[in-house]
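The same chain A turns up in both complexes below, where it pairs with chain B and then with chain C.
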Partner chain A sequence: MSAYLIRRLLQMVLAFVGTTLIVYALMFQIAEDPLRALAGEKPLSPSQRIQLTEQYHLDRPFLVQYAFYMRGLVTGNPGRTIAGRPIADVLSEAWPRTIRLALLSLVIVIVFGVAGGVFAGLKRGGAFDTISLALSLVVIGVPVFVVGTVFQTVFAVRLGWFRPSYAPELGLATYVLPAIVLGLLSLATALRLTRTSVAENLRADYVRTAAAKGLSRTRVVGVHVLRNSLIPVITFLGVELGQLMMGAIVTEGIFNIPGIGGRLFQGIRLEDGPLVVTIVSILVTIYLVTNLIVDVLYAVLDPRIRHG
Partner chain B sequence: MTAMPWCFNVRTSNGARGRAAAILILVLAAAGLGCGGGSPESSGTGLIVSEGIAEPKHLVPSNTSESEGAAVLDALFTPLVDYDRENRPVELAAASISSTDSRVWTIALKPGWTFHNGEPVTADSYINAWNAGAFGPNAHDSNSFFDKIAGYADLNPADARTAPAAKKLSGLVKKDDLTFEVTLAQPYVNFKSMLGYTAFLPLPKAAFDDVANNRLAASAEQAPIGQGPFKMKGTWQHDQLIETEVFADYAGPVKPKVAGIAFKIYQQMPTQYQDLLAGQLDLVKLIPIENMSTAKADLGERFHQSPSSVIQILAFPTFDRRYSKLDIRKAISMAIDRDEIVHAIFLDSQVSLRAFVAPTVPGYRENTCGEACQYNPAKAKALFEAAGGAAAVGGKVEIAYNVDGGHKPWVDATCNQIKKNLGVDCVGNPQPKFAELLAKLKKKQPVGAFRMGWIFDYPVMENYLGPMYGTNGSSNYYGYSNPQFDGLLMSGDKAASPADSIKYYQQAEDLLTRDLPVLPLRYMQNTFGHSTRVTNVTMDLFNRIELLKVEPAASGR
Partner chain C sequence: MDSATGQIVRVEDATERIAPRSLSGDAWYDLRHSPIFWISVTIAVTMVLIAAVPGWFSHLDARTATCSLSDSLGRPSTGHWFGFDKQGCDVYARVIYGARASVLVGVFATLLSGLTALVIGLASGFYGGWIDAVLARFTDIVLGLPLLLGAIVIARALATQDLGIWPVVLALGLLGWTTPARVIRSSVIAARQQDYVQAARVLGAGNLRLMARHILPNALAPTIVVLTIALGAFISAEATLSFLGVGPKNVISWGADIAEAQRWIRQATHPLLFPAGFLTLTVLAFIMLGDAVREAFDPRLR
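For the complex of A and B:
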């Protein structure tokens, strides 16, 4: 197990350096004149040019720029945004909001997706199963910005059940509608995945054996079927937490939540290289760590899987 | 308005929806949610009006050149001059602004004005603020606005790595506590018109860490102290909110009619509009094009339009031989049906422009572009063929544009009109950013004709003509150069009075009609709306809502 962990951690370092290098190159090297890009349509004064060049080491070779930047990032000092705010400040304000949104979304996915999936799987071919399948197909087919805008218009503007945009004074309630929109796609996938898995396991030999032993149906379903059915779902949910944080770019934009997705979107629009690279680096790390945790969790859920 | 609408709904609903809602409540409880709390909508007696903005870049006057920061500063500060119905400057914070030779200007301030922290407004408040803005190493966005003032060059050495020769503008001299003298490097008769711009606002001593070295305090950005009708309530809550409340000691002639302005910061325009419809936002200064088709029906009398100073043009790089013949440019112009494009593509949020300046400046004349901007496909085709036809433009007309600005639809429509009316192929040439387009122009790469927009900084014709068509104009990216034109601008700047200067500027504009270096296409309309809580919502010249005029609606709330 420990050999496996070390191997995985080394792979993570490689993946981290690779991704950040590519993103850094995309943000800083692709524009013919990165300074012009920072300034928009207005002309830049010579003083502004000098300040920006020094701040981002733009006069040094690319790899040196990257090394300077990474040193800052790893030591917890990722520099300033192009508007001059410390990036650390921006992120420490934005993260809690995105985490709240993503976790609430995950809770909604687990409760409705997994529960609905189990229910549909147990009553395969029933009305609930058919309707939920049709609905999840629709959800999977429609892009999230369409769902977001439609939900905002219907539930917030027309019906007035929610506020159309972020209102911090409402506490967690302000995240409910965005979390539903954000989680809808995952919910549909989780539902279909659980349903198939449960339906398949219900027909497995060990379930018939358990029933033949005289175990109650609750115990058969609750312990034997569920435990085995949840393995693919847990994989999916683990990876999904990372996805939810990235999916927040669109959702946070629509509902005006000043979280990490919104900052990333703004950074890309304003070509704010340092901000984008920092956020992407953190997202990559989260993605890698959740993947690792999921792989380790396998062994816990299914004793047959051993990491050597 | 219930503070937590979804809670309210759970209590009142029944049947299937009630069960679903009950499940939702369980989930929320599991996520640690409660139904308590809520917030007061407004405090005290008056109405707090909310206005939607995007996150400002800066909130220091001389470092704020974009509209979002300017909207906030307009609430916190009052400029030296305001503009009358004909867009001519009239004294506001100043008692008088006068000059005998257009070079040395004497600015006398009205007595009795104080900053929000109680500090009196004096000549030093202006001198210190302007010096800090003009000081090269501060790298403020509006630094170039001070370049007309004598001594600017000493604060901004050509090689920015060297230390400036001086720290203070030699052209700014204090006469007494309420009077100072501004000496310009060159006479400029319209200097008074410039003074309404954000860059020329004053700063209190409290805004500085070190006045002698032009160093501003960090607090000047996070909680700006002005002398305007509203003062900051707390600090700038980045990406969320900037709250202001009425400043009781405001000395201006018009007092605010509302208790405060809350600037709500949005990431996207459509969300502002949704909030307006849901009654969560009072003022929206730009209704996005996505919502234009329904906005009139949604808002009724709360939907407004007024001319803005933003113009859109199609420019021809002078180094590109394909467009060097006047008749080719004229034919392209006459083949474009401007009215159809503003109607079909922009849903009348823009208006056809047939002059080289916007209608918001004194001296604007309709149709100065004359025949060249009138849609006339038959004549266009004849001119085009006579000038060499498709072969002269290398087989196709190209229109370069930046894809991040939403320009594709109208560029495609323009191309279709050119194709149809001139019988020549026409294609759009998308560039990722305007900056990249400029980099290619600098290297004289043949990108084709290209689009460009311009917004004035102060209402003077020269502010369009100088930067866009002057030989050394800061935004003359196409390289138009005409000594006669430059001479007329110079004569205008030195004219005896603003009215006289307009005559020269108009002659200069006539030269543009003759040479047609660019094609005027459209000017923008301010398209704005407000909630039922407020009334008397209007926009000023700088695309800002006139906050002092906004009133609570009689029947609203």
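For the complex of A and C:
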């Protein structure tokens, strides 16, 4: 196990350095003028040019720039936005909102996706199974921003069930519609995964044995089948938490939530290069770390993986 | 395949052929009888036609038509089926002319990622050893960069020049090859160990000939399936990037139109719903097409 862990950690360090290097190189090296890439089409005053050159050490060789940048990121001092606000402040204010949104979304995915999947798997081929499979195919095909804008139009603007945009005075309630939009894709995938897993386990020998021992159907399904069926679902949900953070870019943009994704959305529109690079690097890191945790978890749960 | 099974049955009646079919013959038989296949093919072909010759579908050229603010957010009517957007432009014409950006980005990004995947998947599957190990680590690095984030960075970096759809094509193509590459690699590994490949090698066939004539044809079906699904995903990604504001510049695009319409949804919803509907149909058509072909080719489902 420890050998596997070390190998996996080394792979992650390599992937982390590789991806951040690629992001950084793309951000600053592709463009003829890196300052233009940072500031977009906005005019830059000479003092802003000097400040940005200093902040990103653009007068130094590429690898030195990268090293300085990574040091800033790792020590929690990623510099300032184009407007001059410390990026660390912007982020610490935005994080709680994104985490609330992602967690609420995860709850919706677990409650409806997993429960629906178990139900569909138990009655395979039934009406609920067929309808939910067809619906989940549609959800998987439709881009998140279409789901988001259409839900906003229908449920918030036309029907008036929700507020169309972020209203902090409503507390957690303001996150409900965005969380549904954000979680819908994962919900569909979780439903399909749980369904297949439950349906497969129902045919397993140990289920027949348990039934033959005279255990009640509730106990066989609730304890024996469920425990084994949920292993792949749990790992999937782990990866999804990282994915939900990515999906938050679009969802928070649509509903005007000033979280991490909403800030990135604004950063792109306002052409705020420093903010965009920082948020992208942080999101990539989260993605890599959650993937690592899930892989390790998987190896703990399933001994075949680590010896494979 | 027929001669390999040793029983060639010739049935004169051409309409009902009972002779043993090859896997692809079986798959084609299944596909011909699948309504989902025909629906998705029809939608996909229509969208490609709209993208190629939009003039056949709309007498109004959205690229040159003048929009009148007096029509702003006008409701759908007989002359203008989809109504008008905020600028007073005809939504139907914009939806028709917006298909081109989506389809072109989808096709070119699929070609680029397909070629990259072919080279990398073939090299790592066929040669194995350290080449495979190095390419696998490289694939891990690219996989660590989520498609959307990487594309935002690439598209932004190239945004200062006016390059039309190409920054987006480049971004999606360079980041989207990982899954097809893995599919190709595993089918190449499966084919490499087959007896007929060994036989060809013994007969003196070189590496290039082995790859092109004996191994690639075996990897073709799964590759086409995964690339068809990728095409749908790329069209979806292009629209998402346009929606975020880093899509193709100076091009009519569904994603950009949806983003613009979203700002006025309290006043009118039709400028949003029509492009959203077309986009959804197109993406779904390619994903369902890939799904139908995969099911037809999967022997476990027989």
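Here, the second predicted complex is superposed on the first by the 279 of 308 C-alpha atoms of A that agree within 3 Å, B and C clash if a C-alpha of one lies under 4 Å from a C-alpha of the other, contacts with A are read in each partner's own complex, and residues count from 1 in each chain.
Just so it is clear, contacts are C-beta pairs under 8 Å (C-beta built on N, C-alpha and C of every residue); 3 or more make two chains touch, one makes a residue touch a chain.
All of these numbers come straight from a predicted model, not from anything done at the bench.
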| item | value |
| --- | --- |
| Superposed partners chain B and chain C on chain A - clash or fit | clash |
| Partner chain(s) touched by A:268 [first = chain B, second = chain C, both, neither] | second |
| Which of chain B and chain C A:143 touches, first, second, both or neither | second |
| Partner chain(s) touched by A:250 [first = chain B, second = chain C, both, neither] | second |
| Which of chain B and chain C A:19 touches, first, second, both or neither | second |
| Touching partner for A:152 - first (chain B), second (chain C), both, neither | both |
| Partner chain(s) touched by A:287 [first = chain B, second = chain C, both, neither] | second |
| Which of chain B and chain C A:164 touches, first, second, both or neither | both |
| Partner chain in contact with A:196 - chain B first, chain C second, else both or neither | neither |
| Segment of chain C intruding into chain B (one of 63-71, 99-107, 135-143 or 279-287) | 63-71 |
| Shared contact residues on chain A - chain B and chain C | 31-33, 36-37, 40-41, 149, 152-153, 157, 164, 253-254, 265, 269 |
| In the complex with chain A, residue positions of chain B that touch it | 3-7, 9, 23-24, 27-28, 30-35, 37-39, 55, 57-58, 65, 136-139, 141, 143-144, 156, 158-161, 238-240, 264-268, 270-271, 274-275, 277-278, 280, 404, 433-436, 438-439, 453, 474-475 |
| List of chain A residues in touch with chain C within their complex | 11, 14-16, 18-19, 22-23, 26-27, 30-33, 36-37, 40-41, 137-138, 140-146, 149-150, 152-153, 157-158, 164, 246, 249-250, 253-254, 264-265, 268-269, 273, 276-277, 280, 283-284, 287-288, 291 |
| Touching residues on chain A, where the partner in the complex is chain B | 31-33, 36-37, 39-43, 45-51, 83-85, 89-90, 93-94, 103-104, 107-108, 111-112, 149, 152-153, 156-157, 160-173, 176, 252-256, 258, 262-263, 265-266, 269, 271 |
| Chain A-touching residues of chain C, taken from the complex the two chains share | 137, 140-141, 143-146, 148-150, 152-154, 156-160, 232, 236, 239-240, 243-246, 255, 258, 261-262, 265-266, 269, 272-273, 276, 279-280, 283-284, 287-288, 291 |
